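Some notes on the structure that comes next.
Chains here go by letter, A, B, C, D, E, F, G, H, I and J, matching the order in which they are written, and residues are numbered from 1 within each.
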Amino acid sequence: MPDSHLLEFFDSPSDQAFYIEHVNEEFTSVCPKTGHPDFGTITLRYQPEAVCVELKSLKLYYQSFRNEGIFYEAVTNRLRDDLAEAMSPRWLQIVTDWRGRGGIRSRITAEYGEVPSRFTTVHGDATAGT
Amino acid sequence: MPDSHLLEFFDSPSDQAFYIEHVNEEFTSVCPKTGHPDFGTITLRYQPEAVCVELKSLKLYYQSFRNEGIFYEAVTNRLRDDLAEAMSPRWLQIVTDWRGRGGIRSRITAEYGEVPSRFTTVHGDATAGT
Amino acid sequence: MPDSHLLEFFDSPSDQAFYIEHVNEEFTSVCPKTGHPDFGTITLRYQPEAVCVELKSLKLYYQSFRNEGIFYEAVTNRLRDDLAEAMSPRWLQIVTDWRGRGGIRSRITAEYGEVPSRFTTVHGDATAGT
Amino acid sequence: MPDSHLLEFFDSPSDQAFYIEHVNEEFTSVCPKTGHPDFGTITLRYQPEAVCVELKSLKLYYQSFRNEGIFYEAVTNRLRDDLAEAMSPRWLQIVTDWRGRGGIRSRITAEYGEVPSRFTTVHGDATAGT
Amino acid sequence: MPDSHLLEFFDSPSDQAFYIEHVNEEFTSVCPKTGHPDFGTITLRYQPEAVCVELKSLKLYYQSFRNEGIFYEAVTNRLRDDLAEAMSPRWLQIVTDWRGRGGIRSRITAEYGEVPSRFTTVHGDATAGT
Amino acid sequence: MPDSHLLEFFDSPSDQAFYIEHVNEEFTSVCPKTGHPDFGTITLRYQPEAVCVELKSLKLYYQSFRNEGIFYEAVTNRLRDDLAEAMSPRWLQIVTDWRGRGGIRSRITAEYGEVPSRFTTVHGDATAGT
Amino acid sequence: MPDSHLLEFFDSPSDQAFYIEHVNEEFTSVCPKTGHPDFGTITLRYQPEAVCVELKSLKLYYQSFRNEGIFYEAVTNRLRDDLAEAMSPRWLQIVTDWRGRGGIRSRITAEYGEVPSRFTTVHGDATAGT
Amino acid sequence: MPDSHLLEFFDSPSDQAFYIEHVNEEFTSVCPKTGHPDFGTITLRYQPEAVCVELKSLKLYYQSFRNEGIFYEAVTNRLRDDLAEAMSPRWLQIVTDWRGRGGIRSRITAEYGEVPSRFTTVHGDATAGT
Amino acid sequence: MPDSHLLEFFDSPSDQAFYIEHVNEEFTSVCPKTGHPDFGTITLRYQPEAVCVELKSLKLYYQSFRNEGIFYEAVTNRLRDDLAEAMSPRWLQIVTDWRGRGGIRSRITAEYGEVPSRFTTVHGDATAGT
Amino acid sequence: MPDSHLLEFFDSPSDQAFYIEHVNEEFTSVCPKTGHPDFGTITLRYQPEAVCVELKSLKLYYQSFRNEGIFYEAVTNRLRDDLAEAMSPRWLQIVTDWRGRGGIRSRITAEYGEVPSRFTTVHGDATAGT
C-alpha cells in the first residue's frame, strides 16, 4: 500500500539553487481495471527548499505501490502530492513513462509550483528507448 | 469505419493541471488513391478539463480506421476533431508519423486550443527510428 | 531536368491550422564541379493555405533533379522557390542534408514566410544518422 | 581527499566570448552512508573571464575525490564552489550524472553566475546512454 | 601550418536568407603540451552575406592544421577569426568536439555576429556519438 | 483472404547460386481469439531454383492476410507452404517477428529444404529494434 | 505463487519442424535475501512436439512469480522444468536477463533436450539494451 | 551504362593471405519495370590473388549503373561476374542491400569461388540501419 | 587489496547444466605505471559444478581491487585464478573491457576448463557501447 | 615514418592461454595517390607467447604512420609484419577500418599464425558505427 511515511530526508548541502533528478526505471503497480501489472519509469525533478529526499527511502516508497491497483493518471498525481507535501520543495515535477498496453504507451506529467522552463521541454515520445 | 462513439472516458483524478500523452505505434488505414495500406504512429497529447480518455476504448477507436480509405492529412484532422469534441480538453495535439511511401515518410500535426510551448518543439524528423 | 510542373495538389482537408512534413531520403543530383553524384535527404515542412502537395507528384519532382548538375546551396534555394510559388503556403521550410564529400557532410536550410519557432530548432548535426 | 590546489590555469586565447565544455565519464567517489563506490559523469561548462582550466590538472582534481565519502548533492555543489572560486568565470555549470543505485539513477545540476539559456535545456533523462 | 589563403568562395545563389552547416569529422592537430595528436569534429554554421565557402577548399584549409601544435581553445577561436574575416558572413558559429584525453572529452564553441537562437541550443554532451 | 495466386515470378538471372532476402515490416493480420490486429515483420530468404518472386506481387500476397484471423504460428507455416509450393526453391526460410501482446513479443521460424548454416544463426531477440 | 497450472496449450499447426520464441520484458519476482523486487526479461525458445503454449496463459504464469521470493538461478531452472514438463517439446531454452543489482547485471540460461546450434550462440552481454 | 573497363588494379602488397572489404552506400540504378530509381549499399569482399581493385576506379564503375534499368537480382550477379572476371581473385562476395519499395527491403548475395566461413554469416536483416 | 576470501557461495539449485553470466560495469583499479585509475567492465561466465557465487560477495570482491596497482592483463588472469579456485566450476570465462587510454581501448579474455563454443564467439570490438 | 623500434614489451603475466585485443580509433596516415589524410580504426588481437605489447609504446608506434603515404592494404600488412616479428605471438590479427573516401568505406584484415575461430567471424560491415 502506498506509504509516504517511508520517505526520509536530509538537509540540503547548499543555500544556492541547484536541481535534482532521480529516475527509477523499476516501478510497477497494478491496473485496477484488468488486474494486470503495469511497468513504468518514474522521473522526479525538484529544487530543494530545505531538505533533499534520501535515495533508499525513495526506493522503498516507490516499492510500496507494487500491489496497488491504480491508474496511470492517479499514480502520477499521487506521487506529486505525496512528495510535494513531504518535502515542501521550491518546485517539483513527476514524469511517468509506461510500457505499452495493447500497443499504446503513455507518459503522464504532473507538477507542483513553478517549474523552470528548462524542465518543461518534451524530449522524444513517451517511453521511447525504454 | 471510424467511429468516435467507441471512445469512453473517466473523471480526471486531480484538479491540478497535468499532461497526458498516449503513443500508438500500431495504426493502419488505407490510401484512398492506391488502395494500399498505410502504417503510422499516432501521438495524442492533451490536458484534461474534466475527463480522461480510457485506454482500451482509445485503442478500439483507432482500430476502427483499419479499412478506411483516407489521406494522411485528413485522418490527422479527423482524429483532432473527434477527440476534441468528445473530451472538451483544455487543449489537444495529434501528431501522426507515417512510414515511407516511394521513399518519402511524413509527419502531420493538428492541434485544438492553446498547446503549451513545451509540446510544440519538433524532435527529429518524421518517423525517424520507427 | 528539374521540372516543377510535375507537382500536383489537392485541397486542404481542414480550415484549421495544421502542419505537414515530408522527408525524402532518396534524393540525388550531380555535382557541377566534379560530375560525381550527390546523395541527400530533403525535408519539406509547410502549413497549407489552400492546397497540399500530392506525395507521388512530389516524388517525381524530386526525381527530376537526378541528372542535374547543381550545388547544395542552389538546389536548396531552388526547391524553396519552386514549392513556395506552386503552393502559396502560409510558410515553407526546406532542409537538405548531404552525405559526406571528402569527410565533410552538410546541411542547408532555406525558408519562405514566417516559419513558427517550433520548426526552427536545430536537432543534431547535419545528416547525423543518415 | 578533494584538493582544489591541483587545478592549474592558462590565459584565455581570445577576448571574444566563447564557451567551454569538458565531460569526464570516469568520476568515482564513495557513498558516505554505505561505503560503496559511486560512479558518475561530470560535465563542466563555463565561459572564461581571464583564464581557462588546464585539462590534465582538471583530471587530477577530479581524481582527488576517489576515496572521499560524499553524497551526490554535496559533491556537485563542492565542484561548483571550487571551480568558480579558482577560475572566476563569467558563469559556470556543473552537471553530475550518476549510475543507478537500487534501480534509481540521478542527475544533479549546480550553477554559478548567469548561465546562458542555451545551456539550461534538459536533454534526455539523467545518465541515459552512459 | 594553418593557412586561410587556401579558402575559396563562390557567390551566394540567393538573396534570401538561408543557413549553411558543414560538419568535418576528420580534423586533427597536435597538442602543444604533449606533442600527441588531437582528433576532433568541426562544425561550421553561417549565413552568407555575399559568398559561400567552397567545400574542397574548406577541406584543404582544415588539413593545414594537421601538424600544428595548438590548444582546443585556440584552434576554435582561430577558425572563427579566419573564416569570419575571409567570408564576412551575417554571422558564423564554430563548434569543435574533441575525443577524450585522460577520460575527458571537450566541446568548444566560438561565434561571430548575432547567431540566431535556433543555432544556440546545446544538443547532448560534447562528442557524444562520435 | 490469403491468396497465393497473387504471387508472380520471373526467371532467375543467373545459373550460379545466389541468395535472396526480402523483409516486409508492414505485415498485419488479426488475432483469431481476440479479434485485435497483429502487426509483424516478415523475412523471406531463399535460393532460387528457376524463378524469383516479383516484389510487387509479394507485397499484394502479404496484404491478402490483412483481415484474416490467424495465429502467429499458423501464418508462419502458411507462408512457408505457399511460397515453397509456388516457387520450388532450393530452400526457403520464413521468420516472423511480432510486436508485443501483453508485454510479450514473439519470433516464429519455419523452413523448407536444407537452409545453409549462414541463415540459421539467431541474431538478437525477437523484434528487437522494431 | 508460481503456478504452472495456469499454462494452456493448443495443437501445433504443422507437422514440419518450426521454432518459437517468446520474449517477456515485464517479469518481476522478489529477492529472497533482501526482499527487494527483481526485474528481468524472460526469453523462451522451443520446438513444439505436439502442442504450443498459448500466449495469454504464458503471461499469467509469468505473473504468478510476482511476489515469490526466489533467486535468479532458481527461477530460471524452475521455468525450464515447468514448461518442459507441461509441453514435452523437442527441446526448450530459457534465458533470463536481470537488471543490475549493485552495479552487476546477470543472464542465466537453462535448457531441456538438444537445443540446435542456431540458438546456442551468445549475442552481446546480459541485458544489454534493456 | 555499366562499364567494367572503368576498373583499374594495382599489385597486391603481400604474398600472405589477407581480406578486403569495400562498402559503397551510394549506389543507385533504375527499376526496369517502373522506371523509378533504386538506392542500395554494395558490399564487396574478396581475397586478392595477384591484384587489388583501385578505389576511385571502383567508384566510377559503380556510378556507371546510375541510369541503367536493371533488377536487384541481375545487378548483383552482374557485379559478381564483372569483378571476378577482371580481378581473378581467390574468392569474391557481393552483398547488395536495397532500400524499401512498397514497404519491402531486400538483400541479395552472390559469390565466386570458395568464400571462407567467416564471411558467410548473416548479420541482421537486409539494410537494417541504412 | 584484492581479497578472494570475500567471496561467498550457495548450493547450485539444479543438477542439470545451466549457464551463469554476471556483468559488472563498475570496476576500477589503478595503473601501476602511471598511478592513474583504470575503469572497466568485468564479465564472468561459468557453469556451476556444485556452488554458485553470491552476488553481493562478488561485488565486494571486485571492489577490493579499487586501489590496487595492476595491469589489465594481470587483473584478468588474477580474477580467473581466484574464481576458478574458489568455485571449482565446470568451466569459467573472464572478459575485461577497458575504457580508452591514449585513444586505445582494450579487451582481455582468460578462461578455465573447456568453455562451450557458444561463449567463445567475439561480438563486436572491445568496450564498444560502454 | 613508421618505426617498429618504438614498440616495447613486458613479460606475459600467465602461462595459461589468454587473449588480448587493443582498439585504436585514432589512426591516421596519408593516401600516397592523392596526398589527402586517411582516418581509420586499428584492431590488434593476439595471444602472447612470452611477451605482451606495452600500450603507450603501441600508441607511439601507431602515431609514427601519421605522415606516411601508404595504401590501406599496405599499412595493414605492414602492421601485421612488424608486430608479429617483434612479439612472436602464438597468433596475431590486424583489422583496419577506414572512413569513407568517395562514399566507399573499407575494412582490411591480415593475420599471422592460426587465429582461433572465435576471432574470425565478421561482425557487421566495415567501420559501421564509427
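Following the convention adopted for this analysis, contacts are C-beta pairs under 8 Å (C-beta built on N, C-alpha and C of every residue); 3 or more make two chains touch, one makes a residue touch a chain.
Because the structure is a prediction, the values reported are computed rather than measured.
**Student:** Chains shared as neighbours by subunit A and subunit D?
**Tutor:** The shared contacts of subunit A and subunit D, listed by label, come to G.
**Student:** Where does the A-D interface recur among C-H, B-H or A-B, taking recurrence as more than half of the contact pairs being identical by residue number?
**Tutor:** When the contact pairs of A-D are compared with those in C-H, B-H or A-B, A-B matches.
**Student:** Measure off the straight-line distance from the CA centroid of subunit B to the CA centroid of subunit J, and report it in whole Å.
**Tutor:** Their C-alpha centroids are separated by 53 Å.
**Student:** CA centre of subunit H versus CA centre of subunit J: separation in Å?
**Tutor:** For subunit H versus subunit J, the centre distance works out to 26 Å.
**Student:** In subunit I, which residues are in touch with two or more of the other chains?
**Tutor:** Subunit I, residues with two or more chain partners: 25-26, 36, 39, 99-100, 102-103, 121, 123-124.
**Student:** If we use the touch criterion from the header, which chain pairs count as touching?
**Tutor:** A-B, A-D, A-F, A-G, B-C, B-F, B-H, C-E, C-H, C-J, D-E, D-G, D-I, E-I, E-J, F-G, F-H, G-I, H-J, I-J
**Student:** Can you name the residues of subunit G that touch subunit D in the complex?
**Tutor:** So the residues of subunit G touching subunit D come out as 36, 39, 99-100, 102-103.
**Student:** How about subunit A: which of its residues touch subunit B in the complex?
**Tutor:** Interface residues on the subunit A side: 33, 71, 73-74, 76-77, 80, 100-112, 120-128.
**Student:** Once bound in the complex, which stretches of subunit I touch subunit D?
**Tutor:** Per the stated touch rule, the residues are 25-26, 28, 36-37, 39, 63, 66-67, 99.
**Student:** Under the touch definition given earlier, write down the residues of subunit J that touch subunit I in their complex.
**Tutor:** 10, 12-14, 16-26, 43, 52, 55-56, 58-59, 116-119, 121, 123-124, 129
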